Amino acid sequence: MDKNLCAPTPPMGWNSWDCYGASVNEEQLLANARYMAENLKDYGWQYIVCDIQWSEPCADSQAYHPFTELCMDEYSRLIPAESRFPSSAGGRGFRPIADKIHALGLKFGIHIMRGIPRQAVHRNTPVKGTSATARQIAKTYSICPWNTDMYGVDCSLEGGQAYYDSLFELYASWGVDYVKVDDICASNFIKGRPYSAPDEVEAIRKAIDKCGRQMVLSLSPGPAVVEESFHLSQNANMWRITDDFWDRWDLLLDMFDRCKRWYTHVRPGCWPDCDMLPLGLMRLFDKNPDGTRGRYTEFTKAEQITMMSLWAVFRSPLMMGGDLCGNDDFTLSLLTNREILDINQFSTGGHPVVDEKNYKLWACTCKDGQTAVAVFNTGDEPVKSTISLSLLGIEKASARDLWAHEDMGVFSGTIPVSLDAHGSAVYKLTVS
Amino acid sequence: MDKNLCAPTPPMGWNSWDCYGASVNEEQLLANARYMAENLKDYGWQYIVCDIQWSEPCADSQAYHPFTELCMDEYSRLIPAESRFPSSAGGRGFRPIADKIHALGLKFGIHIMRGIPRQAVHRNTPVKGTSATARQIAKTYSICPWNTDMYGVDCSLEGGQAYYDSLFELYASWGVDYVKVDDICASNFIKGRPYSAPDEVEAIRKAIDKCGRQMVLSLSPGPAVVEESFHLSQNANMWRITDDFWDRWDLLLDMFDRCKRWYTHVRPGCWPDCDMLPLGLMRLFDKNPDGTRGRYTEFTKAEQITMMSLWAVFRSPLMMGGDLCGNDDFTLSLLTNREILDINQFSTGGHPVVDEKNYKLWACTCKDGQTAVAVFNTGDEPVKSTISLSLLGIEKASARDLWAHEDMGVFSGTIPVSLDAHGSAVYKLTVS
Amino acid sequence: MDKNLCAPTPPMGWNSWDCYGASVNEEQLLANARYMAENLKDYGWQYIVCDIQWSEPCADSQAYHPFTELCMDEYSRLIPAESRFPSSAGGRGFRPIADKIHALGLKFGIHIMRGIPRQAVHRNTPVKGTSATARQIAKTYSICPWNTDMYGVDCSLEGGQAYYDSLFELYASWGVDYVKVDDICASNFIKGRPYSAPDEVEAIRKAIDKCGRQMVLSLSPGPAVVEESFHLSQNANMWRITDDFWDRWDLLLDMFDRCKRWYTHVRPGCWPDCDMLPLGLMRLFDKNPDGTRGRYTEFTKAEQITMMSLWAVFRSPLMMGGDLCGNDDFTLSLLTNREILDINQFSTGGHPVVDEKNYKLWACTCKDGQTAVAVFNTGDEPVKSTISLSLLGIEKASARDLWAHEDMGVFSGTIPVSLDAHGSAVYKLTVS
Amino acid sequence: MDKNLCAPTPPMGWNSWDCYGASVNEEQLLANARYMAENLKDYGWQYIVCDIQWSEPCADSQAYHPFTELCMDEYSRLIPAESRFPSSAGGRGFRPIADKIHALGLKFGIHIMRGIPRQAVHRNTPVKGTSATARQIAKTYSICPWNTDMYGVDCSLEGGQAYYDSLFELYASWGVDYVKVDDICASNFIKGRPYSAPDEVEAIRKAIDKCGRQMVLSLSPGPAVVEESFHLSQNANMWRITDDFWDRWDLLLDMFDRCKRWYTHVRPGCWPDCDMLPLGLMRLFDKNPDGTRGRYTEFTKAEQITMMSLWAVFRSPLMMGGDLCGNDDFTLSLLTNREILDINQFSTGGHPVVDEKNYKLWACTCKDGQTAVAVFNTGDEPVKSTISLSLLGIEKASARDLWAHEDMGVFSGTIPVSLDAHGSAVYKLTVS
């Protein structure tokens, strides 16, 4: 089957990393799933993704514990830690959780690290479907620069492909719909080769294609290498174009350059990924001085709107990072602005038109064929500016403000626009 | 005016470099123009481009003469060497040649080096339209790594823009339709900055926009930097994605990778450029042991067809490099295959589908909405292979061989294909 | 104690790598020791060094077996594989072998890899003299680029130093006199940091200083970084200035440049190291088509003399790589030329005087204050040349050929010299 | 003649750059010469060096004027600007100034840029002693990254050597004793090749050897490449190990590392160079708000002593940078401390002994065979510390403070020392 068909529009969902780090548990996953089903599902949100380290019994924060013991089955495959995911007991894996999430009308995703557990390699445990052992298929010097769990896998060996096949057979049996594979899209560890494991990307693609279940394939971390865009688009559905994104203006400002480099590569089934949305209640893995946990996003409201506007017109996947249950009204409003989400899900041809230091303009074509335009003030002061319609090949149009949900009237030549510091506006222009 | 409008399809023409090097003269330009008017114009070929060093009186080969005296007007602007372009006498510049070429129904292009002549800087001659002198606007350490004629220009100074404005005012007065600017797209001289003169690119864009005449802007040499694709597409009409291309298989093989990196950036007015076509009678600047000059292309016929097929489906500009008057029947047939030229001029969405070591498949959409497919054997042996229609989302189609000009019948599932070593085929598929 | 005192002259000995690779055994070590005692000891040869992988039971060639099980004691310390070193049974380690070697009037050395065994880290075994465990002191991302046995050790932790202290306590108890530490002098794995473990170098220095026994400290592999010469000279006795050296002319030719970069750093206790001498019977780990094992050096006789001459005048450590028991007469003569060995052991101030493409001249001061000169023909043809005495500040001198053991007479101005292709001569000049 | 003989001890002198920049004139040179003769000559100071841009008539500050007209003779050789050096009128060049300096018992030095004037190349003027012209011997793409005066010279051409020969013939006729050649020791312009003109270094060496006059050859700028130490020592007398050094603590702190990398290369005739001493009245080319010019060094007194101590024990050349006539008593005392200057001029074997973050210890052997030790507090707070004599192989010695000129008594084991922030002490230890 064409791998592009399982992600015809940018995937929308929730991911556990920004709020729970390495320590998310069953209860937290299901609480977010219930919130999504009740409040967000109608707007297109559907994936609940369990991020890194779910096989580590003692994970308790954002940290990975070096060389720690992981839960593993008899075939060298990592399985959920029962201490954190009680329903996985008895070899049921993530199946019970996936079932509950599916019952809510949602889909279920997991994170994995590229490779085979080091503990399997050092114990030389079996690999399913092959006589090769873990030790025999491990790549000798392929390690992740920031996590000690795995060795890379030599996919030129029959046993290497068999290992990945066995992984996705298991995930299919659990009912997984989305897999975020880490340590595979960019790495600075091996000099001069940031995209260092293309063979493992291909092996994973083949394993998914064989496993009998559609799964979205998301590659991390970034920044992905633009020169490798064809290989990425042939094999994956999403790939990170940035290192981890957090609620800092410098990172958001930088994203304009990243989107400028990648916008020609956006198309159905192939989504350059700006990373999770650090919105609402985040970092519950951090303890505050007063004993409470977590904090709300440090983005200003203007910056939050700017982020959503850029992710919309660029058509990044939308993966909410904050704890959904902690959403305040403003956060919820960002996730349920149907007019903005429509740009993200259904527009085409999003591209930069103006790229000045403090003024950025992007345009795209809406599903009805009309033009939408996003204008950004990346300066540190509020500004009054204008949008020049001639840049869009338009003389006269009626405009609608998609954040204010207001029709603004008819304009010729220019549209005036007032923008907060780091603020933005998205207008739909209708030419009659 | 929108700069994209002057190159709505990939520019087609002839360039003097591959046959005459630095030494082309008036007679040679006009002979090629007459040939084009008679034999090629009806197929879309229109530009006659005079390449590098036309202001050097003693140029006699492919070589540049270091530090040599160039012909220059009173405003520090290079002008044609009268010894080689007699009609330029009396300050008429390229106007008489351009007039003759226009009279043939063709268009005229010139090559320039980025910057201001070093001889102007050392003599401190005036710059038109400003009180700044050549010495004052020269960038101190900006030189070309392979030609000693110029210093870069500091466009942050008012006099810098004035200089470029004065150049294009002159070129407009000559009737120039196309400018190939060199030493501006890629450079390895200044470490870590291969795209080292974006300010001069912008100044040239502004100068063209002001000069009152449409001109295609072509940037050299390559390889252009993919990360700079937005800046290139905002300012230029063509940019080289390769260093100089000659008739060697390794260079042609490499072009598949280059096209794979750039295909998403192809669109009207914005043409990543695979460089001139080294076909037919070339290198007339080289003397042979027997006293004759030049030689025919060293590409096999299969390789020539492969080159034309790739340039077609990728939609590279087509600039013939060989001496047109030396064309044999086969060479002429390559330049007048209307079905292949239609793919180059009017197809959309050309992209790689399969990218294996010895087998490449590209597809595009023809102007009538049907699919065309180009299949390449990049191996060193002839092969019998097939095209899998399912890769194109097609079950059954009639096929036409665009090189053989033959209808091949109707196929389901696969189309068999026999390919020479380094050979290719282009089929148009019609789904009824 | 001053670490320089244990290597007042360049160490001379035998190392198992060039003939036995990773698979040397007790019998082979002792056979070479007996040969040395009988034939070489009187000439200053004294170290018998057991190279890499002595804790791997199944080592059978030059190869390391990835992730294989190693012999280890209860404190995470590697111990000899009993299968290969039977006398080590019962926890006696290398003590019995060292005793036998000492009884022959020789000294005993071993090779170790920087770091702590990965198997200790993954099993989380104890470290002697500390409550920290193997897992706690391992550096997370510090691995060797060519051997999978170890993780680097974090010496900023108390447990890290304790681990190294426990290693050298053990080696002292075995009677070790010389330690070659590998994966510590140069590494290309972590970009931009070829000398990547200076903290472990310092920890090893401290551990030796505490252990109660003098040991020569030799660092590998190379090429060492010249900028780090001070740190190397403060901590080690020898450090490799080259990657592995074998019997190939290009490697020997390259050594002239390496010596030219390092000669100012040669002094008692501090010996830049040109690596083992690939002479005589080598590579017994390779099986020949006829069932025999090994081969003799592929250096010509002229090249062997050139190597010995350069190692002599530069004062490199001299570690014979071939199997001593396989020595033919010529090989033995190279190792027992007392006049040449005297240059290596007792000269001072060796330095290049002429460094032309095909002609190199080095000079040094002999222990009696006279000058010795080594002249090299690095060209591929025999030459007749001369040595200009004025380059040495000498007008007239009697000359003695130290390879021919012949007095040549008295010379003024120049000394004529005939050199084979890749050949050399060493003359002692006596000014009366 | 052996080039080392003209600089048997580190050269001591004055250089015009730190106080007069590019604009020094005859009067200023002679005023400094007279001061030196009266106040410093007896302490070993002897060179008066006219730094960069003496052929530029309009030089008025620290700046070079891009592409400006320079004074040049009929053989493409730069000559002094008469406007600044009136005695050079009538083709006498620097001869009259040199004569006056020699009459004071001092020596005279000049600065030159590597290469041939660009104005000579563009005018194609003759080169003395050859039929080649300036244009023919210029290296096409060899330019200085910070000064626009010259092109490099192709010394593989006979005319290239002839040009350099003609330069030094001229300088010998002027009576020049010292030449500082710039743009030749380090360059970052051509990637990967910081020591980019070794052929021009060799040509200059040959030209000096032929010119009939001894001249010290000093190479700039730095940092020189340690790997090239042999080539440098074969050809030059001094070479900069640092980029331009000014009165900033970070630069002085960094010099400890530079000296640590270079100390083994110090020997008579071969002096790694820490650059000028930014002491006393400096930067007279800068105008102050109150109309005065210049300022005193921004080093604290402790830092000035630290600098002099390091330059002394490392044996750097000593070239005073401040205007001698502006010396206050403290500055003069630094330049006339005979005990410290003796360390610089006559000690041997200076080397680092301790190299900790805030504590550095260097030792050397005095001309009488006793040990001197320099101790440095590179921390930002005053400290009380000790010198451990055992590090020097000494049990008991009497100590003399060479800055205080006081005998301190006899010490066993350790010597206590009190050091200011960034301060130092130099003690001579006498073992009886």
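Going by the order they are written in, the chains are A, B, C and D; count residues from 1 in each one.
Convention: contacts are C-beta pairs under 8 Å (C-beta built on N, C-alpha and C of every residue); 3 or more make two chains touch, one makes a residue touch a chain.
The structure presented is a predicted model; accordingly, all values stated were derived computationally and were not measured.
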Taking each chain's C-alpha mean as its centre, the one farthest from chain A: D
Whole-Å gap separating chain A and chain C, where each centre is the average of the chain's CA atoms: 53
Chain A and chain D: spacing of chain centres that average the CA atoms, whole Å: 59
Chain centre separation (chain C, chain D; CA means) in Å: 40
Shared-contact residues (touching 2 or more other chains) in chain A: none
Listing of all chain pairs that touch each other, if any do: A-B, A-C, B-D, C-D
Residues on chain A engaged by chain C in the complex (per definition of touch): 66-68, 118-119, 121-124, 135, 138, 140-141, 143, 145-146, 148, 188-192
Chain C residues touching chain D - in the complex, by the definition given at the top: 2, 226-227, 229-230, 234, 260-261, 263-265, 352, 355, 393
